Each structure stands twice: as structure tokens, then as C-alpha cells.
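The following pair of complexes shares a single chain, chain A, combined with chain B in the former and chain C in the latter.
The block that comes next holds the complex of A and B.
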């Protein structure tokens, strides 16, 4: 049985030394994020500055305004955390699969179907006891998110069908199916754009600090993040994930459960994405409408890659992207600035997150030095 | 009825064919181009603006072609020279391009979404006297814009270029095995950059076909996922020019059918829009399964 994937995960993870004390590992993780994310962010800021200059805006003023809009006051920090929540979910989902070398781009689809399912179930929760009324929609979202990934998972683990294209295609299939089912079955009356009914009040995830929008969804995401970290480091299957991700052929030869790993990675990413969509629906928007996911699945990929799948890095990256989203939404109230500049910044970071910045000579030099050290 | 359906299916598949052929070339050189959507929307915008400024559709198409080539090169350089992963770079490139275009539309042109270009010249419809009135044939080939005829020419020419020329053989060799090609002294990165330029230029022409074809204006959502349908098409057609073009024709037919059924009513557009993607998953699954069992037999 060959399980050599046609694509490799775009960047290699860099595990921290498990013997080192926790505080040291946190420090190492932060410095790594700074190193890996620094260059892409600087490039993105330069690209953004060029676009801003060409249209007669002062980049420094805009960036300063973005920073105050993201972190300036407690209520803005709250808005930033609310924007962080969905992409934290999708980033965990992406990292989960990529650690096993499974290159899924289907989290977007799981997020959308999870959101739709949670909205539909949540709108029927009128007479259901309090906690169940939240758990039931979330459970539905979890199942829906996993279902999106089932076909690619079967194809990948049994017959080595390239998961990149199948998961990408499933995003569009899911978007079409969601649009169709909303139009045909769940359309709310008297709404301008096609959307479902609002979820009932007892199905909403409560806000953490009431006027602000950050909900318990953030707590769920943080628990998932911690779970991801512990699972990868301490569980048997987590070990097999890392082994398959870093040396697939060796793992086959060693008799590791490669098929289980591949299927779990794909379905697991779908499940996490589904919970993310459900939390987004119950915690923030309270219904499903067209354009439910603003590329959250793809932003999550960028975050996971920037962080090299490290949990602390994922959290930092998600807050960074969340800050951009939150600031972009309100900055246009103060200065005449189209919100699309945020897409430019985020997309540029995504592109350069996977680019290798090493002059060839320098790379050779470093390889030589490493060789000498080993001998 | 059937004439109308065929005519609109062909009109709708012209942008797809152009983009998918570009993507197929790039794929044969070993790179999956996710950024076709971005090149298309850029071509549509540049084509519309330049056609408006010069009052000449050909100038618009040429400008779109050049812009697309540069855009394709830019994206490809990040993949080849900076070793960026093709999928991530493509996804990110789409986000950036739509961001830049959305931003420029609002900041520089002062419109949100739709740009009406004054003095824009649309592509002429070439009505062929004599054939125009023949029942089915007339609908198939008469009253089409020049880019349709470009597609007709491109399919055999590209097939020949790939099969029989030095460029084509080197390109396919690079795609089949980059390390083997490099060891034979081929400049694989340059070959891939060239393929990326071709892909960008053709996809941008597909965009031009959208903005200068039937409607004669620019909208930031006018590609509506056609770049991804093109991706589906060259996967469906296994990156060979003729099968890819036929796949586009099939997907264009789905699109025409969906518009037609919308006016009749009773059928949902969203469901039909998923057909190309389902088709690709099915094809990938079937080829994957077949290869798997064939591989298992020969190995044992």
C-alpha cells in the first residue's frame, strides 16, 4: 500500500522541545511566530501602503487608525475577540489536518454547513430546556461539518485520491446546496436577502461581557485549542498524526495506522470547522444568510501556516487577523476607506506565509554549517 | 428553443474555455493554478477600462491579455522562485486581487461593485451570411464574438504545440518530473514561469470575453466562480486541450440550462451550479480507484 500524498503540507511543523519547561516553550513559540510571521506581515503592510498611496491615503495614518480601532478601548478589544473567534476555529481545524500531512482546503465548506445546520435547529428551540437548546444545534453543526469531509476522507484514505481538489470542490458543492436548501425550505419571511429565521433566544451563545459581542464561542474555541495541543502531544493517535505528517512512507513501513490517521485528519478538520460555524451562528450572527463565511476557512489556513501549527502561535495569529477584521469593519466610519484593503492585507500575508525567504547562497551556507555540527 | 439554448451555452463556455486552456497548460507544466479567478477578473476590468478609453475592443482585449500575462507571471514567480505552495498562493492571490479591485473601484472610480465605462466598445458579433439561417449550425457558429473563433483555433493549436514542439515536450517533461528535467539541463523554473504567463493571459482573455462580450460593463462579481469551474474543467479533461474544451462546453451547457430553467421556473439554480464540481469529484474518484487497483495488480 502506498500512501504517498500527491501534495505535501505547505510548511513543515517545528515542534518545541518537550523536555523544556512550559514557560520556555511559550517563549520559543512566540519568537518563532514573530520570525515566521514577521516577513509576510511586513510585505503585506508594504503592499497595502502602495495601494493606499496610489489612492491618495496616508498609510501611516490608516495603519495607526486600524491599530486603535482594534485595541484602543476595552469595547474595541471585545470586538476584536469576537472577530477572532470564527477564525480561531478554522485555524485549529486546518492545523489539525496539516499535522498529519493532509492538505485540506475544505474547512470553509464545513463552516458553512455547520452554521446553516445550527441556525436551522436553533430556530426551532422555543420549548427546549436552556442548556440543551444550545447543545442540540451545536451537535447538529458538528455532525454537518464532519459530513462535508466524509467523501474526501474516504477517497483519500482508501484510494489515495488527492484531497486538495476534492475538498476544494466540496466547498462549492456545499455552498450550492446551502443556497438551495435555504431558498427551498428555510427561507425567513419578509427578509430582503435570502436567510434563515433568527435562532430563538435560548439557543444563543451568551455574551461574555454583555454589551460586547464576544460570546462563549471564544471559550469553546480556546478549549478546543488546548485539546488540540494536548492531543497532539500526549495521545497515541496524535503521535501517529505527527509521524504520518513528517514521514509518510516510514509510517507505512512501521505499521502505523496511516489510513485511520488520514481519515481522522480530514473528518476531524471538518468537525472542528462545523463547530466553528455553529458557534458563529449561535454566538454572533444568530442566523444563516448568504455570505455567512467571509473566507473564514481560508483565513484559518493562513493562520495555521503562519503559526507552523503551534497552538500558541495559532492563538496569536487568530487575534492578529481578528484585529484586522474588526478594525476594518469600523474604520470606514471615520475615514473614507473601502473595507477591501483588509482583504489585500490578509491575502498578502497568506501568500507569503508559505514563501521561502532565503537567498540560495545563504541557505547552502546554513546547510553546510548544520552538516559540520552533526559530524 | 434548442437554438437559443445552444447559442447561449456556447457564449457562456467561451470564457471557461479560455481560462481552462490556460489552466491546463499550467497543469501540464506541473502547477495547479487556483488563481484563474483572479486573472479573469483582472482581465475583465482592464479590458473594459481600456476599451472605454480607446473606444476599440481589440485594444481592450490586448490590454487585458498583457495584464493577465503579468498577473500570471507575478503569481507564478512566488510559486517557483519563492517556493510557495501553489494552492495557498493561488487562494491568497484570489483574495488579494479581489481586494485590490474592490478597493480601487471604490477609492479611484467611486463606484461600489459595478463600473459603467463610457465609450466602451463591445466585441462585434460575426454573423456569417448564409449559415446564420441554417437551423442548428447557425446557432452554433454564427453571431459569435472573435474570442469564440480564437477558442476554435486555440484548441488544435495548443494540442499540436504540446505534442509536437520543443516547447511542448519540455513543458510536459517539467510537469512529469521536475527533478529529471532539471538534471537534463532544462530551465524548469523558467518553463513554469512561461506556462504561468500563458495561463494568466488566457484566463484574462476569458475575463475580457465576459466584460466586452454580452454585457458591456464591469462588475466585481462578474466572474462568479468561473475560474474555479475552469479548474474543474481541466481536471475533468485531464489537462488535454480538446477534452478540457469539451468539458467547458458541458459546463457552459449546464449554465445555459440553469438560466433557461430559471425563466421557466421550478428548478433551482444553486443545484445546477454544483454540477461541475460534483462531476470533478466523481471523475477524480473513478480515476483514483482505477489507478489504485491497477497499481495494486502490477505491484503484486
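The block that comes next holds the complex of A and C.
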């Protein structure tokens, strides 16, 4: 009879004053992001600097080069935004579910299957009128992304089966299925590695500023981000998301729609992840191949946590990780820098991001201990 | 009233003032580990036995005999048999813990503390989970531990057990020591008087309700707690519009479960509930609230409120939420109006409605809950410990809100551990004992009358 969620929300989002003017809310959000994300980023930079010194590099030179490679010229900014787009999608997807206290790790699987579906449909759009030729593959990606999450959603909302395990397993299943179906049904002729055919030209999401790679996918992501913010604040179910995520037992006792929230959180995250995969296929790589997702689903989790689900924080976090990816790829042209250093930097940011969330708990613990010593 | 006592002495909680003295030495028990080092052992109601291990493995866990990482099971078995023989119990040490009865697991847990060298054993309501014959065996075991020179602190609300086994009795009420009595110096009735308190507080001027038609009917309701133990056994009553039905019971006699069963958080194993003649079978919390049930949870911090959410959010979090919007979207104006009337109805003192609920005092928090639960004119209001953790002034106001809801025609089912509160507010008082209805008394009954029923003095005799 009871459907109390098993997880508390991994981190509590801070309430914002809904009566404050929009500009001030943005300011508050940015300062919060600076506070929460700033510490882990600074620590990560220091750790990175030590690693760089140990490997015989000058940290200042490398960091300076990274900054110019990320934001130095319009074309580099374009590249950064192109790298931002997929992880912006996955971060929104993760934040959507985590707001309800649903700790899905299945966005990766939805992203992959969405990308494959959009690529397959997109390669058959030769005779289809424009716009429809983009919408159809995207629709397929949406459905595919949501489907990946249906079984975990049923298991979670009806029988309280832990979603972390089920969604993680579905990632393996989906990635395996995708690879097998490409090999068996959709293999492009005359390609060295296993991939699908390129999508037809009318199915490509147009670039925002050719020849830069940033596509209309970024606009779709930004619209989704705004939708996420408005929906959480002003919709009935969005309200119930926040209640279930922040006080699960309260939500049960108040007769809120806990099962609906849990199922919607999982399927919704899958849908957003699917659209992300579809946009990535249609906007950037134009086909599905092995290694389609560079762990975008997991980077999205880190960003959502760093931002504490705050929409503006998500945008800033996604740009930050996008910048690291974009700059990391080209900085080696100038400096003899192993690309793994970038992974080290990203990893440290994530680790310390999670550590910073534990800080308030730690402080409480320490205060309690000090009190006991006094008495 | 006794629930927190063992945690201080064994240090899962810590005292604000006062001291624990062992062997004439004042000690600070900073952790359960420190308590074990001081040779104090606690047996909680929830047994700490690992079901996947055998009883022998459970016994020696954490202090296995042997050396260099090798466990000397032969020595362990010899030691275990000595232990059980010394207190006169027969235990099959090779059995899996999961396959043995609760009584045996409890004995093993007690022997484990002895095995680890505990001189002081604290048992928190140990017989609550036992059948009468098992309880007798446990009491014999405790007696032989005492005869072997150990100190046993036996926490119980079962008078006959206490009188039969204890050498000295300390009575606690509302966190205070009421008296200390030597064995044989008191009889059952005298002890009962100390426990309920015989000081009759002059009844404050209060209004009573005028009972209308029957609204809520419970018939033969049984339910289990989270551990699967039967807590309610065939409870039946009627609650009428415009009256307050008080429910009195010693903690652990089924009040918590009854409140949860009525609102729908906990399922029943038997019996029926109906509201205005409609069966509530197969309805969850949401449907019941829509039919007109309101609920004030005893656990304000986790069930009554979402402390991390704003006052506004807390004020609208009910199934009636959808009435505040259109097509799945909340209308900010309507929401703000509703929040204002909820907070205004209960005269909540607050800064901004976007402040988190955690920023309010306990009394103010409870006002938010009562405002929210009564704004929709519920048919039935289930109020569980509504004044717990609220200061005196706040209590008066919460009583006023309850009376107001009653006069507006709600049937109020009031659960409280404060007898004076029940006597002051209730039109009728139903007393639960061991999950059964021990009796129904008029609202103005004396503490002694209510207390006698709470402690099991029914027509059928004593509780054992």
C-alpha cells in the first residue's frame, strides 16, 4: 500500500524566492552556482596543476591555452557550444529525475537508442518534405529514449525496485542491442568502422553559424531547459516532483501522486535523453557509430549535481564541461599534453563536486560532536 | 514515556544535563562503543541478530576466539554451551538464526552481551514481542543473571512482570523520575497510580461538542507493524460529526498503527472502515483525503511537513492541489490566495511564505499543518499527538483550532499521550490496550479510570 521512495533526493535544492524579480533570481542563482561549483573547480585546478607539474608541464601555460582554446575566438566558442549541446540535454534529463529523488543513471542508454533511432529514420528521409524530415527522426528518438526507461519505471513505481540498478543494467542491454542491430540490419556499405548510413541532408539539424558545428540542437536544448524550469515551478505535477524529492514520507501522507511522479521522472528523463541523442545524431555526427556517446549520460549527472538542479547552474556547468572537452581536443596541437589530463581534470571536478555536497552533513556532524564534548 | 531512557545510558542518544555514574565514577558515554567498554549492554526492541548466520556465529561475532584470523569454532561452541547452561536455557547453537524463534534470538542477544563481558544489561520492553510462556522464560533468565551478580535494567509497562521480577522499581513519567520503590513495598494498584499520576488537575473551562450523525466507522480492524508483529486486533468504534473522540493508550499499544490505518498509510489485515456509509476498502491516502479525511501526523518533521519546502508549498500539498490550477498548471494568483487563507486560518506567525517550513518554531509549524488540514472542512480529522513538542501557549492555540474544526462539523479522532489533554478536549475517550479496545469512557473521566484501562485492567482481568 505504501509507496515511499527509497531514496532521499541526493542533494536538496535550495528554495528560491518566487516573488523576487526575474533578474534578481538569476543573480542569486549565479552566485549560488559560484559558491557550490567554485570550490570543486578551484580544487580540481590545483590538483590538475600538481599533475601537470609532475608530468613536466607549466600549469599556467596549459590553463591559459585551455581558456583561449575554449573561448578565445568566435569559432572556438562555436566549438565549445557544440560540445556543450549533448551534455546540456543529459544534464536536464538527470536533473528532471533527481528533483523527484529518482536517481536514474539510464540517460546514457536513452541517449544511445535515441541517436540510433534518429540516424536510422533520418537516413530514409530522401523524399520527405523539409521540417517533417527532421521532426520524424526526432519523434522516433523521443519514443525510443522513453521506451528504454519504461521497464525501470514500472519496477520502481509499483514494486520499489531500486532504479539505480535497473537503469544501469538497461544501459548495458541498450548499448549491446544497438551495436548488434547496427551490425545486423543498419550497417552502412563501404565504411571501415561499424556505423549506420549518414542521414539525408534534409534531416540534418542546420548549423547555427556555418561552418561552425553548433546546430539547432542547442536551441532545442535551451528550450527544454526553460521548459524544465517553468514546469518544475508552475505545474501541478512539477510541484509534486519537488515534494516527493524533498520529503518522500510527507508526500505519501499527503496523498500526492507518488507513483505517477516516480514513473514520470524515469520516463521523462529517458525522453529528454532520447531527444538529446537524436539531436546529437541529426545535428553533429549525422549517423550512429560505435562510441556514439562519450559517456554524455554520466557527465550530465555530474553537471546536474554540481548545479543542484538549478536551470542556470545547469547551463553554466554544461558550458564548463563543454569547454573542457572542446579545448582538450585541440590544445594538444600546441602543447605536448596527454589528452588524459583533461579527463583527470573533469574527474577531479566531479569528485570534489560530490564531496562539497557532503560538507553540510559533515558540518552538522562535527557541530553535534563538539556539543557532546562540551556537556 | 520510557522509550528514550535506554538510549542515554547506552549512548545512542546523549543527555543534555545530568550524568551517568558507574562504580562511583562519572562517565561520559560518547558512543555505543564506549558503553560496551564500560561493560554496559543494551537489548533493543529491534533485535540485532543477523538472520543469515548461525546462533553460534551471532554470539561470537566481533569477538571471535582464535588467533591469526582463524576462528576456533570448537572453543566458541564450548563457551556458548557454558553460557547457556549457566543461565539455565537450552539453545541449539548450530541452528540458523533465521529459523529460530524471536524468543531464542533474544536470549542469544542477551548472552552475546554477557559473552562480551557486560555487567549492566539494559532491556527495552523485551517482553513486548514474546508470548506469555516465552516471557516467563525470559524473566527466569534475567533472574539467574541477577543471581550471578549482574545488574539488569528491565524497562517495561507490564506491571505484573515488573512486580514479579524487579528488586527495585523506578517509575518514570514524562521524562521525570516519579518515585523509587523497593520490592514488596507496593502492590499493583499502587504502582498503577504512580504511573498515571493521581493528581487531578482542575478541568479548565472547556466546551464540549454536540455529537451529530455517525461519520467514520471502524469494525474489527487488525493490522501489523513494520516488523510484521500484530499491533491492532479487532478494533471497532464510531466517530460522530461534531465530536472529539480521544484515543488513549500506553505507547506501543497500537495508537500509531491505528492512526496510520485510518488515513491509509498502513494496510489492514482484517476488518472494515467506512466513511459516511461508503467502504474505504481499497482506497489509498489520496482517495481518502478526497473523500474528506484530514491527517495531522505524529511525526511532524517527516510526515506532517516538508521542512525543506516553503510555507506556501507546505500549505497546498494535498490532493486538492489540482483545484488550484487548470489543465495541470498552477495559477499563481489562486495558489497565493489559498496559501494566505491557510496561514491566516491558523494565525501562523511567519516572515515570507517563501521561507522554508524549517524556519518556524514547533508550535507555528503545527499551526501550518492544522491550517492546511482543516481549511477544506474535512468530514474526519485524524490528529495524532498534535501538541507534541509545542510550548504551553502554542498548545492552547492548537486546542482552539481542534475545537473550531469540531464545531464546524468534523469528527475528530484525537490520539494523545497526554491524558489531561484528552480529558479536556474529548467527548468520549476510547482506550486501547495491546491493540484491543479496553473500553470507552466519557470525556471527563478521571486519570485513574483511564489509567486503569490503559494498563490492562479490563473486566477479563490483568494483562497476563
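Throughout what follows, the second predicted complex is superposed on the first by the 350 of 375 C-alpha atoms of A that agree within 3 Å, B and C clash if a C-alpha of one lies under 4 Å from a C-alpha of the other, contacts with A are read in each partner's own complex, and residues count from 1 in each chain.
Everything below uses one rule, namely that a contact is a pair of C-beta atoms (placed from the backbone, for glycine too) under 8 Å apart; a residue touches a chain by one contact, two chains touch by 3 or more.
No experiment lies behind these values; they were computed from the predicted model shown.
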| item | value |
| --- | --- |
| Comparison of chain B and chain C by chain A residues contacted | B |
| Partner chain(s) touched by A:67 [first = chain B, second = chain C, both, neither] | neither |
| Chain B versus chain C as contact partner of A:209, first or second or both or neither | neither |
| Partner chain(s) touched by A:236 [first = chain B, second = chain C, both, neither] | second |
| Partner chain in contact with A:253 - chain B first, chain C second, else both or neither | second |
| Which of chain B and chain C A:183 touches, first, second, both or neither | first |
| Which of chain B and chain C A:135 touches, first, second, both or neither | neither |
| Touching both chain B and chain C, residues of chain A | 2 |
| Chain A residues touching chain C - in the complex, by the definition given at the top | 1-2, 12, 15-19, 234-237, 239-240, 242-243, 246-247, 249-257, 372-373, 375 |
| Residues of chain A touching chain B in the complex | 2, 7, 10-11, 47, 51, 55-57, 103, 105, 151, 155, 158-162, 164-166, 168-170, 172-173, 175-177, 179-180, 183-184, 295, 298, 301-302, 305, 337-338, 340-344, 346-357 |
| Chain A-touching residues of chain B, taken from the complex the two chains share | 32, 34, 78, 82-85, 87-89, 91-108, 225, 228, 231-232, 235, 268, 270-271, 273-274, 277-278, 280-281, 284-285, 288-289, 291-292, 295 |
| In the complex, chain C residues that touch chain A | 14-17, 28, 30, 263-267, 284-290, 295, 297, 299, 302-310, 312-313, 316-319, 321-322, 324-325, 328-330, 332, 352, 354, 356 |
